[in-house]
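So that we are looking at the same thing, I have put the structure below in structure tokens.
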Amino acid sequence: MRPSGRDKDALRVVSIETDVNKHAEGSCLIRMGDTHVLCTASVEERVPPFLRNSGQGWVTAEYGMLPRATTTRGRREAKDKQTGRTQEIQRLIGRSLRAGIDRHALGERQITVDCDVIQADGGTRCASITGGWVALRLAVNRLMKAKLITTDPLSAPVTAVSCGLYAGQAVLDLDYAEDSEAGVDGNFVLTGDKLIEIQMSAEGATFSHAEMDQLLGLAEGGCAQLAEMQKAASA
Amino acid sequence: MRPSGRDKDALRVVSIETDVNKHAEGSCLIRMGDTHVLCTASVEERVPPFLRNSGQGWVTAEYGMLPRATTTRGRREAKDKQTGRTQEIQRLIGRSLRAGIDRHALGERQITVDCDVIQADGGTRCASITGGWVALRLAVNRLMKAKLITTDPLSAPVTAVSCGLYAGQAVLDLDYAEDSEAGVDGNFVLTGDKLIEIQMSAEGATFSHAEMDQLLGLAEGGCAQLAEMQKAASA
Amino acid sequence: MRPSGRDKDALRVVSIETDVNKHAEGSCLIRMGDTHVLCTASVEERVPPFLRNSGQGWVTAEYGMLPRATTTRGRREAKDKQTGRTQEIQRLIGRSLRAGIDRHALGERQITVDCDVIQADGGTRCASITGGWVALRLAVNRLMKAKLITTDPLSAPVTAVSCGLYAGQAVLDLDYAEDSEAGVDGNFVLTGDKLIEIQMSAEGATFSHAEMDQLLGLAEGGCAQLAEMQKAASA
Amino acid sequence: MRPSGRDKDALRVVSIETDVNKHAEGSCLIRMGDTHVLCTASVEERVPPFLRNSGQGWVTAEYGMLPRATTTRGRREAKDKQTGRTQEIQRLIGRSLRAGIDRHALGERQITVDCDVIQADGGTRCASITGGWVALRLAVNRLMKAKLITTDPLSAPVTAVSCGLYAGQAVLDLDYAEDSEAGVDGNFVLTGDKLIEIQMSAEGATFSHAEMDQLLGLAEGGCAQLAEMQKAASA
Amino acid sequence: MRPSGRDKDALRVVSIETDVNKHAEGSCLIRMGDTHVLCTASVEERVPPFLRNSGQGWVTAEYGMLPRATTTRGRREAKDKQTGRTQEIQRLIGRSLRAGIDRHALGERQITVDCDVIQADGGTRCASITGGWVALRLAVNRLMKAKLITTDPLSAPVTAVSCGLYAGQAVLDLDYAEDSEAGVDGNFVLTGDKLIEIQMSAEGATFSHAEMDQLLGLAEGGCAQLAEMQKAASA
Amino acid sequence: MRPSGRDKDALRVVSIETDVNKHAEGSCLIRMGDTHVLCTASVEERVPPFLRNSGQGWVTAEYGMLPRATTTRGRREAKDKQTGRTQEIQRLIGRSLRAGIDRHALGERQITVDCDVIQADGGTRCASITGGWVALRLAVNRLMKAKLITTDPLSAPVTAVSCGLYAGQAVLDLDYAEDSEAGVDGNFVLTGDKLIEIQMSAEGATFSHAEMDQLLGLAEGGCAQLAEMQKAASA
């Protein structure tokens, strides 16, 4: 029995509220249960040095947590002095979002997706990817409406969900209560029915080839549902 | 005529939504027009080294701005590497909130008030002080309800508002459109009808003793209104 | 009765010794009682990026304290890692000096005013502004003598003085003994009889509108005397 | 056809030379083809603060690359200012080695495994884990010989290998020539026939559930061979 | 012929003004020609961790240069972020002063000697050592007068001077004009007629064993004169 | 009697193994007894800003120590945050190697010599200079073979050795056991029979003019032997 009473293949209640920031080109507030992440997409008409005059654009991400997003207050972090954990997360978000975009169609501009965790209850990096894609989608819509882009650079949505072994059983979308107990858990990023990233990690435990198969199956089911919500939110 | 059409002594529309964070001991989202600041008060049962075994508590503040709170995206900052502007602001917030608390009655514990600007349109430091006091009030209420504090350490509310010379006229509560044009502007922090802080600054202009009097009068009126809203919100 | 025996509207003994550095374009050693600040003005034929090709110049300031300027030895600071206090002070000095200069008449060059406190006894930021203006005046004189500038970019002197409530009474130009006891004190920067900056701050106290009037009156008197000394020193 | 001519399931030539450092409690130089990593294990009779008086020990890892380990010279890194990539790698090494140790049996001491890449040709993090385990094994042997530990805290060896899709085909143990071309690749860490970590990542490509199965199969085969070599080296 | 017209074995005009800082336990302003260094000695009743409960004291030094001490304005430095040159200099000053003190007789306290260059014209590190010793001497005198120390921990003065090959000839006490031309120069630190430190360095040149002998002879003569001045100043 | 049983003028066993890195333009592993330093020379077709369009090249050095090169594990250092000791050493290595090269003949390119201490037993900076010159020699040979350089920019080898007073006697090439006991020791850098650098330092001791002569004599003998080995290794 999961602490929340959910079935092993059940997502938490998910909502995606869009256009929550009057300055950003695209924005949303994604809630996966008590995990709330504010995602903004900022368009800049410049690219990193290695892409100048390449005709290609860039998508990057930054991730942050407000000091009291967690049960006990944490320390503020900054761009040049982040913990290893924060860097791992934002590198993952950036790679995942780039995997779903045609950088030639985007043209020589950069979109920065900021994912700021307002309240945390497990699964913040997955919520950031799923919500970040919606902010990115809305920013691209605006560029297309303004005819700055003619071919849509985004194809299938990019979605992410965590899975893990909780009390010996494979479960979908762990909340903090489960996450802190699970000896094995990981994050799966998909676009359509294809995989982009897998990060599985065991702590004080191990997992078998067969269990890996089960977890992957759960992730495929969860991501399909999230992709539907992304489409509804950014339609 | 002010860009917003407001009278010279009119505040923007203000709202204070409380208990917006499930982890924090006190929290609110204050909106002064399009300036939105999330304030959380975190209680810790420890004090800075210089207060150990003194029987006194401490109140401190941190201020941050989400990267896309502003019209163009800004850079993330961290606790140990903040710009001078950020440090000035959070030192001001901390001093202001401490001015309104009896640190002996608080007892040997620390309350950290985090003010994170979700969206900025001028006057973020004043909104942070006014909203920060509400978060502090709610956290203290919780400590009193739990009988950890017996004498209320908070007396009159601490409120803050900006005033300035816009198009040659003294006006209350400048928004960004006014702030960026005003040659003279400043921040006033009051508790009850007494002053705690004044920070007046001219850029490419000067002001007279008489104009200073007018600005101070406007601030007194604005702060009286804000104190009523604080009381309503934290009742 | 003030610890120094001064009247409430009396400045400390002030002296301004000029040309104390053989390398700097302008320099002075200002002494306000036991507060001694070495001020140098350095001219560079370049401006910050945001002013390139604007035809305008820039004045900036840096403030430092030698480790043993104070009663107990302090820690050295550096340009990129200054305390919030140091940053606040040098931002104030820079804004104040810029308020008194016509940046078009200065032409596209930068003058950096370094204010290094050799010995501290209260009021170092005000001494830095008053002395810094003299160093700036001397550097501009040299540029005019060399015909690099044709119109004098400096008009009325910029002067600064502190005032506060000591033992319940408004007093002028606080020394360290008063400053460490005063619950309310602040700094006033004037040019001619007009105000540029006010920074009033209360700690464990408050002040009224009427007291603010008194403090402002004292500051106006003190600054008028300082302006006379600046003129004499830089004639 | 692979650039090296190897079969798709063939490791590079592997050698593990032990006791290469006269100061370290355990050490080896592991060579996987042209990737050479110097691994040392340092025993300290202290633990991180969170483990004091817990009766448990700790294993941690640091990873570094000499500036000219790569084809073009790189920048030196330091403990507190590492790139995100370096931090990800050393966190992975540390978690992997901890997964194979009984921290109660180790007792309250810390072993730091330093993995310094002398020459790089792909797969440095996997070589670091495989070689790091040998250094750890040797250091533990010394502690047991000295009777400081009575129960062996290490069970099955921890081994790691990379796999990826090169030219559309799943291959084992990518060298740099393959790694820089592969759109999909990842690292697998095993202990015995069980999994500890999987890090799969696609760049400009995706992968299917079936391909994931193949890659995992290759990794299982490669790790079994590496475990034999570890045993031979540390016997 | 030297630029200054001095004989090859002639020091510049040297003066040592003592008690120039009202807070420091010992202080002097040393002038060697146009090189002016403010030296303060600060006594603290604590020692670095490695000396606690050892019965021994410590002497350390910090060196700084005011931004406009040099012909063109330099950048401020801080304690934790100094250039290599600054660190080398202050390590040299500290070692030199420690060489002349009996740390048991000093007792478990630390004296920090701050050497701040007000104006530079070559030879600042040597002036800092010679002046720093005077500040140290005065601080020790005060400790002895207060009966905190009973045995004088200082024996012969520590003095330093630079020598170099200028225009092919060995000369004493180089000023900036000579220093910037000399291919070979160095610093010699003596106590009495014995050597403590030699730092010789050639740039675009070399020197012979015989030339080294000559330079050493000049240094011995110069230091003997400086020791007389130190005694006179601190008598 | 020396701990190692060596005569007072005897070097440790020295070996220089070349071409130990497949990426570097020049490389060697120098062993002076148990001190082992890996030296690589990296050629880059660019120079520091101050040499652009000067027709001259540059040689610079970086020095590092693997964490467990020493008896107890040390902390990793990075390029921008090195200890004063590390900076002193790499500045010395760079100056020494530059003293032996004709920078016009080198042409507008930079060679960075990295000296990484794999295992330390005293004298690491001297081994770095001697080995670094061999790596530099090999890199220059490659540039000449490729006809990128036509005139050999290197003349006599640059060699370095330490000497000191151990148990009252002048000895050559101190190992760690001697170095940690010696009150006086230093480093001598020569090219041919001429001196480039001397760094003598006493700690808790002093030395006389006559002892300095003896130490210099020992250094001359040791460097002559090292120069022969350099020639043999890089022939």
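When the chains are written out, they are named A, B, C, D, E and F in that same order, and each has its own residue count from 1.
The definition used in the following text is that a contact is a pair of C-beta atoms (placed from the backbone, for glycine too) under 8 Å apart; a residue touches a chain by one contact, two chains touch by 3 or more.
Chain labels with UniProt names: A, B, C, D, E, F = Ribonuclease PH.
Given the structure is predicted, the values throughout are model-derived calculations rather than measurements.
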Checklist outcome for this item: Co-neighbours of chain B and chain E resolve to C
Checklist entry - Turning chain C onto chain F with a C-alpha fit: angle in degrees, nearest 5? => result 120
Checklist entry - Distance-wise, how many Å sit between the C-alpha centres of chain A and chain B, to the nearest whole number? => result 33
Checklist entry - Could you state the distance in Å from the CA-based centre of chain B to that of chain D? => result 51
Checklist outcome for this item: In chain B, the residues touching two or more other chains are 82
Checklist entry - Going round the ring from chain E toward chain F, what is the chain order? => result E, F, D, A, B, C
Checklist outcome for this item: Residue set of chain F touching chain E in the complex reads 82, 84, 87-88, 91, 95, 98-99, 186, 191, 194-204, 206-209, 212-213, 216, 220
Checklist entry - Which bits of chain E are touching chain C when the two form their complex? => result 21-24, 27, 34, 38, 40, 42, 44, 62, 64, 66-73, 75-82, 112, 114, 116, 118-119
